[in-house]
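Some structures are shown below for you to check.
Both complexes below contain chain A, partnered by chain B and then by chain C.
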Partner chain A sequence: MNGLLALPALLLMALVFGWPMLRYSWLSMHASSVLTGLEPVSNQGANWIRLLEDARFWQDAVQTLRFAALSVGLEIVLALAMALLLDQRWRGRGVVRALSLLPWALPTTMMALGWRWIFNTPYGPLEQMAQSAGLSPLNLLSNPDWTWLATVMADVWKTTPFITLLLLAGLQTIPDDLYSAFRLEGGKTRQALTAITLPLLTPYILIGILFRTAQAAGVFDLIQVLTGGGPAGSTESIAQYAYLNAMRFLDFGYSATVMLAGFVLLSLVIFTAAVLLQISGLLRPLKS
Partner chain B sequence: MNRSRPLWIALLLIWSLLPMLWQLITSLTSSDALVNADIPFQQRWTLAHYRELLSGDPPFWRYLFNSSLVGGLSTLLTLLLAVPAAYGIARMAPASRRTIRTVVGAAALFPYVLLFLALLELAREFQMGNNLLAIALPYAGLALPLALLLLISAFEGLPNELDDAARLEGLGVVDRLRWVLMPLIAPATASTGILVFLFAWNEYPIALTWLSRDDLLTLPVAMARIAGSSIYAVPYGAYAAATVLGSLPLLVLVLLCQRQIVAGLTNGAVKG
Partner chain C sequence: MPLMRRLLLMLMGLLLAGSIGWSSVHRPEQVTILMPAPFVDATADQVKRFNAENNGRIALNVIRGPRDTESISDLAISSLLLGTPPFDALLVDVTWLPKYVAADWLQPLDPWFDSDDIESLVAGAQLGNSVDGALYRWPFGADVGLLYWRKDLMPEPPQTAEELIQIAQNLRAEGRVKEGFVWQGRQYEGLSCNFVEFLSAFGGTWLDPETGQPTFDSEAARLTAHWMQQLITQGTSPLAVSNYSEPETLQAFKSGDAALMRNWPYAWAELQSESSAVKGRVGVSTMVAQPGASPAATLGSWGFSLLRGSPHQQATAEAIRALTSPDAQRDRFLRQGYTPTHAALFHDPELLEASPVLPQLEEALSIAEPRPITPLYAQMSDLLQRQLSGLLTEKRDPDQAMDQLQGATLTLLRSAGGVS
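Showing the complex of A and B:
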């Protein structure tokens, strides 16, 4: 009876999440492109060999990882500061919290184009400011060395509120008594951050890192609209490369291979991180 | 900290709102003034971008309508599937409950953009492309993991005795859910509904591949299409006006429902 109630939902989830993985596994062992008349023809792992030698895929993998690492790192630090501020009691806190949530709520594609205008050379506000400060043009969206930082900035702006809320929930589980006791023992307010707040907040920080790393590894909307993967492919992500292979090059077999490989890479990253955390003992507070 | 607090609050607000305010200012600036800083202040302002947007073909409100329709329908479908399922799962034996939670949690973490190709194939196979009703199906599937995590926790928080008492009164499972349990998990259902709505309203890769007809686009796809129309001459004024109009419904939603959104986000991540 209980299983019957859950069946429709679990079936739909299996169709939406499970079926694609099976389908990609099969497709990745086949050539299915314009060359084969879009009919799948078995090609004995040729897609995977091609992937191993595909410099563009590995460049995209590195780009996706550095994007995820820097974005999530910055977001955690910024979110911690915001959460500490929003955890204190002051008038108007509710309204400020709601307003700070807005970047997260807006569609990514919408504000990605907004950022494109802000980063615009020469008419965007950042360039205008640089100009009036007497600097040379920043060319934020056309310099292959720097453009990925623009995508990081837009991502940090958009997704920090999510981690802020998470950390805020964590902060609210810490009893005030702990801080009073700490002060009675002669501890300084500043030391309480490293002695009480951060250790007790660690599980929440880890959950935030986990969620955001998984999302950032699949980054697509933001980069598609903000830079289109350019300049010179310097900001292209794995998801975008898979999308291009399927929708522009009509090479479905290889697109499926790229997506599976991206999934495997992400799993490896998360698995390694989990093992490292296990060894370091940081996860222990989660279990108690 | 106390004395410098106003400064920090101001910084937080500037950081969060300035990019959006810039869109508002841009949307009210004439196209000439956007590329020419020498135009005097009084002559820079215009409502032309909004007029252009609302008289476009299809007019802008059409995208708002499409997104609302898809959002509403996806939310309804997700809740219809997730509420009974969460109830069923919450009443299973602890071992199977843990297994299901692990699988659902993994699905919630999955970067779903990687699913688009197989889902597009399904859309072609069953002719579900360019259909605003059909797209609610993958949206519900994609939103189910989060919805289940939130609702299973909510049902687990209710005492079993309540359910048993209602059963003794002779209420069937539908009546028990509808009249006894649903009212008690209403807050969690509201949180879940709003998060699912936001997801469907903002979703891009699936909508991009499933919808191609001009008058059927959802807001995110319509926006991105403007961006793709030309790399060099994006109509930033008209675009900014679209951003402003497209943000208004969300602004209202976030301000009205911030409590539910906050509860949903934190419970979803922490309890899952």
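Showing the complex of A and C:
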């Protein structure tokens, strides 16, 4: 009976998730480009062989993963600090709470364009500050080794409020009684953070990590607008590469392969993380 | 049911059927064209006039697309892939045409535009409209790369690649200007456009015109790569140009921080506006070229293409002709500064009075250079952009970069069956 009740949800999943996956798998085994008149022609796995040898795909994979890891990591730390602050009672808290959501409310392309001017050499404010401090031009968007950090910075600015909101909601589910009891038993306020707050907040942190990792691994608009994948292709993400193949090169077979390979890679990363979490026992509060 | 009521119903039915029949006979033929937003504004009056002149016969509607070139390409391709796009024609960029033709999306315009029409166009506007001998695009405006120079800083624009570096360096050494030469070095299509002009300055071409093979292993390509890197390492251009597209370039030049700028014709009007720090001190020329090599101006420009499945081909062709008529072009040039395509307009006294740089535009159009005309252009350009961006930002060895580019382009063409 329980299984039957889940049927609508399963059907919906099959429709919006299962079918596209099947379609992509099928397409990844075919050549479908302008050269085949956009008709799929079976090519015996040539797309996958090409992918394995495609240094650009692997470079993009590394870039996507390091972007996701660093931005989500920074966002969790910053969001935790902000959530703890916004959970306290102080004058003007309501205004600050509302204001802190603003970056998240902005459309990504708009804010990416804004950051492009912030990083601009020589007119951006960052360069102006460096200049008045007597430094040589930073050229933050012209350095293949460091530009990816600029994309992380913009992403952190934009999505920290989202996790803050999530964690703030989590903080409000922790009953005040627990803290009172803790103090009665002689616990120090500082210890309450590690003894009560963090353990009870863990499920929310994990949900935040999950949401944001999935989003960051599919990053497209931010990087497309901020750097266009440059300089020297150093900030290109998997999603961008798949997009280029489909929409610019009209090579749908290879685009499907890139997208699918990205999905497999991300699944592997998340699976490994889940296993590690299981072993470490961090998930326990979720089950109780 | 009482008789009266039944009769009344029948009468109403008849009236309804009659009115539908009547309106379908007199309903004008609906023609829809997709354009990027700025062109929608630029053509608004002409669309209104066309609809008034064809009242009851043709109704032209314009779909307002996104502003950005890449975004409108995505929009167009998405709807073309779905099979029945809600438009009969669209404005296409010059580099998309071979790809769209290969995808079998376009209908030749030959029945409506003949060789006399083509010959009435200025030289540069005649290029990039045909694929395999069939006309698939009718140009909306002419667009080529130009070299803008500061009249207050130099008596004449530089003629050769070395002269450009020398003039810029001297001016910087004397402290008369902050930056020498600004251009588009960001990893995007603009970088390819700049490269075509730089390469031509050293006597090279992207593909060999005879064999269609890439020529990045040529002496000209090596010299170009070295020169581009030099521009940055020697300080003629700031490292920041490696992330400049058109707006950043224009900003640097407009604020008086640069002596020379590579940009498109649209920049002229901006530089003459009240907010410009260099108003009245700007000259227009074409890109430099080494002795013995001929300068080139990369061909940009949009044009109208007719969709294969359109049920309103005749009416659409009429609309295209009206929107590109000499009168329409004169209008757009005087009001918005869009460069005309009609050759005679370049000698029109009224237009010459409105813009002193019209002769320079005509000259640049006479040396217009299209980017390679192949359905694989987007891939080829992408390879080029990545290598050049590495050359500018990583100080990659220029010879090695050109060798890698040659290899990668050959691999691409071979795997696609373009080169044996």
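In the analysis below, the second predicted complex is superposed on the first by the 269 of 288 C-alpha atoms of A that agree within 3 Å, B and C clash if a C-alpha of one lies under 4 Å from a C-alpha of the other, contacts with A are read in each partner's own complex, and residues count from 1 in each chain.
Everything below uses one rule, namely that a contact is a pair of C-beta atoms (placed from the backbone, for glycine too) under 8 Å apart; a residue touches a chain by one contact, two chains touch by 3 or more.
All of these numbers come straight from a predicted model, not from anything done at the bench.
After superposition on chain A, the partners chain B and chain C are seen to clash. In the superposition on chain A, A:228 makes contact with both chain B and chain C.
In the superposition on chain A, A:265 makes contact with neither chain B nor chain C. In the superposed model, A:178 lies in contact with neither chain B nor chain C. In the superposition on chain A, A:35 makes contact with chain C only, not with chain B. More residues of chain A lie in contact with B than with the other chain of the pair chain B and chain C.
Contact with chain C, but none with chain B, is seen for A:143 once the two complexes are overlaid on the shared chain. Of the two partner chains, both chain B and chain C are touched by A:123. Of the two partner chains placed by superposition, A:196 touches none, neither chain B nor chain C. Look at A:250: by the touch rule set out above, it reaches chain C but stays clear of chain B. Only one segment of chain C in 135-143, 189-197, 243-251 or 405-413 runs into chain B in the superposed model, and that segment is 243-251. In the three-chain superposition model, chain A touches both chain B and chain C at residues 120, 123, 228, 247. Of all residues in chain B, only 1, 5, 8-9, 12-13, 15-17, 19-20, 22-23, 26, 34-35, 37, 81-82, 84-85, 87-89, 91-92, 100, 104, 107, 109-122, 137-138, 140-142, 144-145, 148, 173, 198, 201-202, 204-205, 209, 219-221, 223-224, 226-228, 231, 234, 236, 239-240, 242-243, 246-247, 250-251, 253-255, 258, 261-262, 265-266, 269-270 touch chain A in the complex they form.
Listing the residues of chain C that touch chain A in their complex gives 70, 73-74, 77-78, 81, 99, 102-104, 178, 186-188, 238-240, 242-243, 248, 251-252, 257, 375-376, 378-379, 382, 385-386, 389-390, 392-394, 396, 416-417. Listed in rising order, the residues of chain A touching chain C in the complex are 34-35, 37-38, 120-123, 137, 139, 141-144, 227-233, 244, 247-251. Those residues of chain A whose C-beta lies close enough to touch chain B in the complex are 1-10, 12-13, 15-17, 19-20, 23-24, 81-82, 85, 88, 90, 94, 96-103, 105-118, 120, 123, 125, 128, 157, 161-162, 165-166, 168-170, 189, 204, 207-208, 210-211, 214-215, 217-218, 220-221, 224-225, 228, 239, 242-243, 246-247, 252, 255-256, 259, 262-263, 266.
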